[in-house]
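In what comes next, chain A is part of two complexes: it sits with chain B in the first one and with chain C in the second one.
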Partner chain A sequence: MDSFSFWFFGGCALVGATLVALMPRLVHSAFSLVLALIGVAGLYWGLGADFLGGVQLLVYVGGITILFIYGIMLTPRDATRTKLTALLFPGLIAVVPVAVMLHLAWQGLAVAFHAPAELAEPQPTVDAIGRAFLTRDQYLIPFELASLVLLAALVGAVFLARRRKES
Partner chain B sequence: MDHLAGYVFIGAAMFVLGVFTMVTRRNAIYVLMGAELILNAAALNFVAFARHLGNRLDGQMFAIFIVILAAAEAAVALGIVLQIHHHFPSIDVSKPDRLGD
Partner chain C sequence: MDSLVPFLEGAWGWATSSAFTFSMILSVLGVVAFISVWAMFAVWLERKASADFQVRLGPNRVGGRFGLLQTLADGLKLAFKEDLIPRDSDKFLFAVAPAVAFCGAFAAFAALPFTPAITALDINLGVFFIVAVTAIGVIGVLMAGWSSNNKWSLYGAMREAAQLISYEIPSALALMVPVLVTGSLNLKEIVGFQCLPSDGVLDKEGLVYLSDHGWLAFYSPWTFVAFIVYYIASLAECKRAPFDLPEAESELVSGFHTEYSGMRFSFFFLEEYGMMFVVSAVAALVFLGGWQPLPFISLNMGGFLGNLFFLGVFLAKSVFLLWVQIWLRWTLPRMRVDQVMVMGYKYLIPISLFALLMMAVYEHWGVRYLPGLF
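== the complex of A and B ==
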């Protein structure tokens, strides 16, 4: 991955995630989440995961964000306001462990992998992922289970979200 | 900048921001967005490590399953949020503190 796209998409992800945490209005946070998810999709492409990047765009940016927007529209508006000053004190408390954690991540990895070997040129992954999903000793069972989980979750979501008659 | 530490740095920062969002906000939808950030950070780490430690496909498969489960989680959780909104006037996560009616 070349330097420009790493910094561009990484910056998208970081700025988006920061705005999600800090925006006072819920809708603005939801759109910042879109920015962060697009940044992560770009990082996936840079890591040679072309299929996963597409999945990220379709499912996250196209699907889950729409769910969030609907959730925001269906819930009361005055509950969606947070004063930025209310975040100041927890933010100050959070700074120290965050700094320690990021420092450790950076330092430990810089020691362990300071000279990355020449990485192989990324290959298209769609074919290999399709085969892995449908090969029995690889990911066939998790794949089928995932379809069951999705079906159960979506039926359950419809059941949960419907309005009950008596109330 | 094809460096593992850069990706781990971004993943750690997104994880921390997700935890921060979940802890500081009391609106249920903010909590869900924090959870999405955390899941994305974990998936990014999976893919980055798989690429840098042998260029294997397994990290990407794990990330795909994370996306699948995140979709299921978001759907169910927003259904629950709508029911909370139906039972209580708000969707403050500290309001529902008793079981049953």
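== the complex of A and C ==
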């Protein structure tokens, strides 16, 4: 992956993620989340996982964040303002996992520096993913189980949102 | 773009990186120029066609008898208009929203193949990429609706979000039917499948040969159903009548872009007309044989003239589908919000799922039209 797109999308993801945490208004946080998720999709794309990047855009940017924003938009404009000082305690708790992750990332970097200079050309992934999902000794059972869980969630959502009879 | 890089390296002796950058810039400029010219033409066509439907004359002063330059004059007027930003709006989001909305249509354009040789971005993900990036446009609409601090804008934006999320599902499912048949998401390969001769060799010597599959809309009854479902869902996705609730003039002033004027407004306009082209072009490429002029007869042409001819055929098909969109807009009344939801969830999604299932069964049996016959 060429370095320009890596730094560009990586920068998008980092700036977006920082703004999600620091923006005083919830709506601004939600829109920053879009930026962060697009950055991650671009990173997947650059690393040769084109299908994963597309799914990231379709499901997270096009579905989940739109629903987030949809919900937040219904709240009054100034009720959702949070003070930065209110974030102090959660921030302190977050220090430990962040430190662990940075440590792991540093170890990963050490591996990456010893990686072979010539990397294989990325292959198209859609076909391989489709076959892996539907092959019995690979991911057929987990894939079908996940489908069942999603179906149950769907039926549950319809049940909760159904029109109740006036009692 | 991919064919331009070796050309620049070979003919002009450029370095790979600068040839790559140059062709990237050229592709971007080409897409922007095409969207602008296209929007001008489409607005002119829309005004002329609506005038015809209502027995009026339509634009007939600027640019000759047919008012060909009317949109150019309107565009200049928009460019010189004062850029108004409401005092109580969220200024930053208000300013970037039109650009974000435009990004969706722009990114989708990049993946469209215009002829076998002209594509800005030839990617394996093709159809899926276009479905995925159109969602970015909705984020821009939501931004515009929320930041305007206007109840009409907010209502318009929420309708848009609800509508797009609902109709993304049937349109993607309908596109899965041809993908199931061709076994590829790449738009060029899907067109290639539609002009594949019976012996399976695509690059034949002769100019004209019979195609075994024909256009995918006529490949089997289920692909035809998928074509109709995709067309209806795509109308909703680019907020065209009868699904133009996000703008609904008679209820919401002009929906999510009520507060916009001048250039920022014209960006929303470009986005809408750009999306209209994208959905028409995807329908033409996936279901109507792309750049091939006749259903079961394929032409094998190359070079500059061949590509020019293919480009003309492809644009003619897209313009025809656009004209049908305009035709529907001036024929059908707007639907109610609940009718839009019922249409999406109770009719289009089950129909597209059923078509997908039946197509899989047909492919498994190896039949195309009627089981047991042919």
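Note that in this section the second predicted complex is superposed on the first by the 121 of 167 C-alpha atoms of A that agree within 3 Å, B and C clash if a C-alpha of one lies under 4 Å from a C-alpha of the other, contacts with A are read in each partner's own complex, and residues count from 1 in each chain.
As a convention for this text, contacts are C-beta pairs under 8 Å (C-beta built on N, C-alpha and C of every residue); 3 or more make two chains touch, one makes a residue touch a chain.
Source: prediction; values computed, not measured.
Asks: With both complexes overlaid on chain A, does A:51 touch chain B (first), chain C (second), both or neither?
Replies: Both: A:51 reaches chain B and chain C.
Asks: So, A:67: does it touch chain B (first), chain C (second), both, or neither?
Replies: both
Asks: Quick one: classify A:10 as touching chain B (first), chain C (second), both or neither.
Replies: first
Asks: Touch check for A:126: first (chain B), second (chain C), both, or neither?
Replies: second
Asks: Which of the two, chain B or chain C, is in touch with more residues of chain A?
Replies: When the residues of chain A touched by each partner are counted, B comes out ahead.
Asks: After the superposition on A, what does A:31 contact: first (chain B), second (chain C), both or neither?
Replies: In the superposition, A:31 touches chain C alone.
Asks: For chain A, give the residues common to its interface with chain B and its interface with chain C.
Replies: Comparing the two interfaces on chain A, one with chain B and one with chain C, the shared residues are 51, 55, 63, 67, 70.
Asks: Help me check something: in the complex, which residues belonging to chain B touch chain A?
Replies: Of all residues in chain B, those touching chain A are 1-10, 12-14, 16-18, 20-21, 23-25, 27, 29-30, 32-34, 36-37, 40, 43-44, 47-48, 51-52, 55, 57, 60-61, 63-65, 67-76, 78-83, 85-86, 89-92.
Asks: For the complex, which residues does chain C have touching chain A?
Replies: 90, 93, 123-125, 128-129, 131-136, 138-139, 142-143, 145-146, 149, 154, 157-158, 161-162, 164-165, 168, 185
Asks: If we count contacts the way the header does, which residues on chain A are in touch with chain B in the complex?
Replies: Per the stated touch rule, the residues are 1, 3, 6-7, 10, 13-14, 17-18, 20-21, 26, 29-30, 33, 36-37, 40, 43-44, 47-49, 51-52, 55-56, 59-60, 63-64, 67-68, 70-72, 74-76, 79-80, 82, 86-87, 90-91, 94, 98, 101-102, 105-106, 109-110, 113, 116, 119-120, 122, 125, 128-129, 132, 139, 142, 146, 149-150, 153-154, 156-161, 163-164, 167.
Asks: Show which residues of chain A lie in contact with chain C when the two form their complex.
Replies: 27-28, 31, 34, 38, 50-51, 54-55, 57-58, 61-63, 65-67, 69-70, 73, 77, 124, 126
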